[in-house]
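Shared between the two complexes below is subunit A, which pairs with subunit B and subunit C, respectively.
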Partner chain A sequence: MTTQVIPKPSKPWEVTVKQRAATGSLIALAVVLAGVSVKFSGLNGKLGFAVSFFFIATGLIFIQQLRLRDLQAAKDALLSSFAMLGIVLTLIPIVSIVSTVVIKGYKGIHPSLLFKDMALNSVNDPITEGGLLHALVGTSIMVFGALIISFPIGVLTALYLTEIRGKLARPIKFLVQAMSGVPSIVAGLFILSSLVYPVTKELSGLMGSFALSILMIPTIARTAEEMLRLIPSDLREAGVALGATQWRTVSGVVLPAAKSGLVTAIILGVARIIGETAPLLLVSGGGDALNMNPTSGAMGSLPYYIWKSFLTGGTEEAFARAWGGMLVLLAFIFILFGLARFLSGRKVG
Partner chain B sequence: MENQSAAIPAPREITTKPRRSDQVFRGIVTLGGMASLVILGLIAFFLSIKGFHILSEEKFSFITESRWEVLTDENGDIADSTLGIGAMLVGTFLSALIAISVGVPIAVLSALYLTFYARGAVKKILISLIDLMAAFPSLLYGFWGFFVFMASAEYWAKLLNKYLGFLPFFDVPAPIFERSPFIAGLVLAIMIIPIVTSISREIFDQTPLDRIQAAYALGASKLAMIRAVVIPYGRGGVVGGAMLGLGRAMGETVAVYTVLNVVYQINWQVLFGAGGNVASLILLKFGEAGPYEVDALMAAGLILFILTLIVNALADLLINRFGSKGK
Partner chain C sequence: MTPSENSNNESNMEKKMQTTTPSSLASVAGNREQRVPGTNLLGTGLETRGVHAWFGTKHVLSDVSLDFAAGTVTALIGPSGCGKSTFLRTLNRMHEFIPTAALAGEVLLDGQDIYAAGTDVTKIRLRVGMVFQKPNPFPSMTIGENVLSGLKLAQLKKSNTDDLLESCLVRAGLWSEVKDRLGEHGGALSGGQQQRLCIARSLAVEPQVLLMDEPCSALDPGSTFRIEETISELAKSMTIVIVTHNMQQAARVSDYTAFFLSDGGPGIMVETAPTSKIFSSPMDKRTEDYVTGRFG
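Moving on, here comes the complex of A and B:
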């Protein structure tokens, strides 16, 4: 009887412990060499260490691959080192930004901020005096106003692109893209020249809403379009096959199916404009007092609160206040992003 | 029999003409779809009617002249004015060019990492972090750049000046390295990296899998595969993404205003602390501007609007032309 030899499954391409140890020791060697080079040359501090570490480690790995394999493999290793460098350089700012805002911002946060405005306070007052109630209310009113204007327009644009698909679908898609590149200051100037100077002659929260909606419409339109495209066309065909008109199909089948997608579009639109500063500096008047009336009078906003605290203060309290405002803003963006992700479960941006 | 035949309903008229409700629906949606066209048209229209008389008075020198002076007589009437955005246009291009020449290579490398090296949970987390970063407001980048990033950027600027100072654009007339176009460009680079990374990653993701596998099957290493398949396939899209970043960097207001020392002069020496861009000029001058100057700012806004529109149009063309081929 011959025994059948069953070959043991093996994965020759997998990284073995030995190879891992070799790479690890190379990196450790690079750390040591980088330390030495920083000590004995003009290179300076953490940055100098990082730079010399990167070049030494890359060089060592290159030589190792060249010795073990060939030039192709060594070049390949070079690319992966540089790709790694790219992602690290991309991530350093985000880590730095978030940690700066949290570390500097928590000093500028106080529960009483939520109940007071800055009408009688200067930005240099201690954090316990004055507050950002007016800013939160103003931002909410303006963002809500912008949402009321942008949501219908954005969704109609998305419906035109996905449901009607008329002759103009391509140009319109192009224009929506172009609109998303309109600089925010131009949106402010546009509202000034078209509404403020000829019609209302007064800066107000409503003008802020109009300016923000110009920036919000493309975001909502693009996200909504993407979400509507995800609805399988079977659903549309089923609706039409049951004898429904296109209007009934869209309102009864497509839009309900895309509900969470549309909410995502709203959230991303809000996240896009919640920190917009330039247009509000031009058109909302930048108030310090609580103002619930969007049609008249200067209206405060969170970005303006931060802007004013940074630029007009100069004391430690003012900077703490500004970073505190930034922390609140950042918290809003995190929450909005988390919500969008939770709702759609897919890429957002 | 006769009664029965009378009960047979008249056959339904078969037509491809949409019902009344659908006609209304289509009309409304089409109207809504035109909104972007209408809004862009209105922006151009209103900025032109406010800014046109400035452009016709200053003529071509509005673009080439680099002074911004309004002289008023004792009645407050304008006696003489020289308004030109030449210096600011130079500054706009300069800082945006620095931004893309630093930002795009980094963004493309990290997009390569995300597409071809990162796996599983790490990839997911990195992608959402970068998307999150794209949503940070420019205010945040501006003040972070000013308070945190400036110190190290100044150190790099000094290094560049020390070792490459013989190149004319790395030279400085006086040792002032703070708040230079170089630093503003770096902050803009950090702002556009997430955007360009996202677009490049999407383009790389669309590389046809069969061609990638064909390259591997022929024995290509990752580098060889990327050079032979991914780069030729994605080049146009990546250039488009870079253009989009350029448009964003050109129109940026708040971040440039906070980081850059806005001075009215043409400054080609990127390490020297003086410069500006059109958007930051508008913000700077707006507070103190009289009606005549406001109109001039509208004209500046119009030029900025047209510039960004052209850049964005090119970007969109490139991304769509090259981006969706493999889908």
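Moving on, here comes the complex of A and C:
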């Protein structure tokens, strides 16, 4: 009689402590060598250290893999090192921007900011005086207006490219791609010369929405097109085979299936325009007073509030105000995106 | 093919089956009660007259004339690329969904050419439903909404949708499995259940013909068995045309079988006959080679 011995569960594919220690000591060696190379060569500063550390660490790991295993494994490790470098290079600016804005911006934040405007205050006033209500409201109105104009146009363009696939699909696709490269100041000047001077003769939030739409439509159209292409044509066939017209199939099957993709299109579109300053300076002016009417009068915006605080002030208070405006803008974007994801994810899936 | 010819064929077939050794498939087909056309009020069925099909300049289907008598199940068999799916898609005008497609010939539904000028294509597809190879429930809809989606999409008015929902799911053999979870999404079902959901969905608009394009090719044997039961049940009230690569399936579910073949050129319909005859004593050497597994 032998009793059955149940083996201990193990994970032989995992990196062992010994291997970890070996890699760790190589990294430590690379730090030392990098320090030495900074000291005895022309390289200096944090950047010199980072560059020499990366090349020394990569080289050491390459040699380690080459000795332990073979050239294939060493090349694999080399690729991993460069991928890590890519991640770090991407994260540095993001982390740096967010942390700087938070660290510098919290001084420029005061609860009363959200309830007051700058009609009677200078940017040099203490933070407790004046506020950015007008800017927050102005940005919301203009972005929302631009979204209302751009979303239907962008989605209809995408539907023409993916569903109707007419003769003009190719040139239109090319035009949309070209349009996404239009500089924002050009969009502002276009609205200024085609609508503001000849027609309204007045700066307004609506003109701001029009200028932003020019920037937003290509982003929405291109993203929506990509998202609609992901919908399997099986679903379109199923809809049509049930006796639906093309329009009913698109509205009843294709668009609902692409819902979360269309929300992504909105998010990318809003992200494209929410920080735009140049076209708004031209066509909606820079309002300092709260203006709820998009059809008449200058309208403030958060980027304008930041720009003005930075350039026209010069005092500690003005800089704090500018950084505070950035923090509010960042928080506003995060809240909008979170809300969009929440709304799109709630029903589907 | 008129009913009298059919009965002649059947009696001939029975004589032959006594003299020749029936293959196992033929006995499968022969064991089942043969549905006789013309014994119901389902219209006069579907006929094709000299149907050719092209994709661009490539001629993929040549001169197919076939009758689908009302209330029967017809299987289309043949090796891959022989045009049987293309032929199936000409029967409810899904062929033209592909931009380069072209067609010649007539498809008569109750004697009317569905390609005649002025025909409303959406009305044709309401009368000739379709189930696809891959289960494709609408992902944005619940199980219940999926079943009734045809009404919404084709803008049909139905007074008692709850009864219709239940009867469609019962006929598709899915009711007992989903009756407590009609509010869940279709994607939560297994592949076989999804395919039966798609069958239920096509039943809701009450088609008189149901086309099935390899409905079981992505499913396991258990689900396949359930769908074959469903097909037998449905055949009492509608005309069914099924494309299948599985000859056992053709033998189990169909009354008539048509064999398609392509020799590199356009696909042709080699032979059509009652299913038990196709599997026991086909007229054409090529059919015999195919059903006995010598090629394809």
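Descriptive notes on the structure:
Here, the second predicted complex is superposed on the first by the 253 of 349 C-alpha atoms of A that agree within 3 Å, B and C clash if a C-alpha of one lies under 4 Å from a C-alpha of the other, contacts with A are read in each partner's own complex, and residues count from 1 in each chain.
FYI, a residue touches a chain if its C-beta (ideal position, glycine included) is under 8 Å from a C-beta of that chain, and two chains touch if they have at least 3 such contacts.
Note that this is a predicted model, so its numbers are computed, not measured.
With both structures placed on the common chain, the touch criterion links A:Thr245 to subunit B and to subunit C.
In the superposition on chain A, contact of A:Ala211 is made with neither subunit B nor subunit C. Of the two partners subunit B and subunit C, more subunit A residues are in touch with B. Using the contact criterion defined above for the overlaid structures, shared-chain residue A:Thr100 touches subunit B, although it does not reach subunit C. When the shared chain is aligned, no partner comes close enough to touch A:Leu136: not subunit B, not subunit C. Of the two partner chains placed by superposition, A:Leu327 touches none, neither subunit B nor subunit C.
In the superposition on chain A, A:Met299 makes contact with neither subunit B nor subunit C. Applying the stated contact rule after C-alpha superposition, one finds that A:Leu147 touches neither subunit B nor subunit C.
Touching of subunit A by both subunit B and subunit C, each in its own complex, is seen for residues 245, 248, 348-349. Contact residues on subunit B toward subunit A in their complex (touch as defined above): 18-19, 21-22, 24-26, 28-37, 39-40, 42-43, 46-47, 49-50, 105-114, 116-118, 126-141, 143-144, 147-149, 152, 155, 190, 193-194, 197-198, 221-224, 226, 244, 247-248, 250-254, 258, 279, 282-283, 286, 294, 297-298, 301, 304-305, 308-309, 311-313, 315-316. Those residues of subunit A that touch subunit B in the shared complex are 44, 47, 72-73, 75-76, 78-80, 82-87, 89-91, 93-94, 96-97, 100-101, 152-153, 155-157, 159-161, 163-164, 166, 168, 171-172, 174-187, 189-190, 192-194, 197, 214, 217-218, 221, 245-248, 250, 268, 271-272, 274-278, 281-282, 303, 306-307, 310, 322, 326, 329-330, 333-334, 337, 341, 347-349.
Across the complex, subunit A is touched by residues 92, 94, 97, 99, 122-123, 125-126, 129-130, 132, 134, 136, 138-141, 149-150, 152-155, 185, 198, 201-202, 205 of subunit C. Every residue of subunit A that touches subunit C in the complex is listed here, in rising order: 165, 232, 234-235, 237-245, 248-249, 252-253, 256-257, 259, 348-349.
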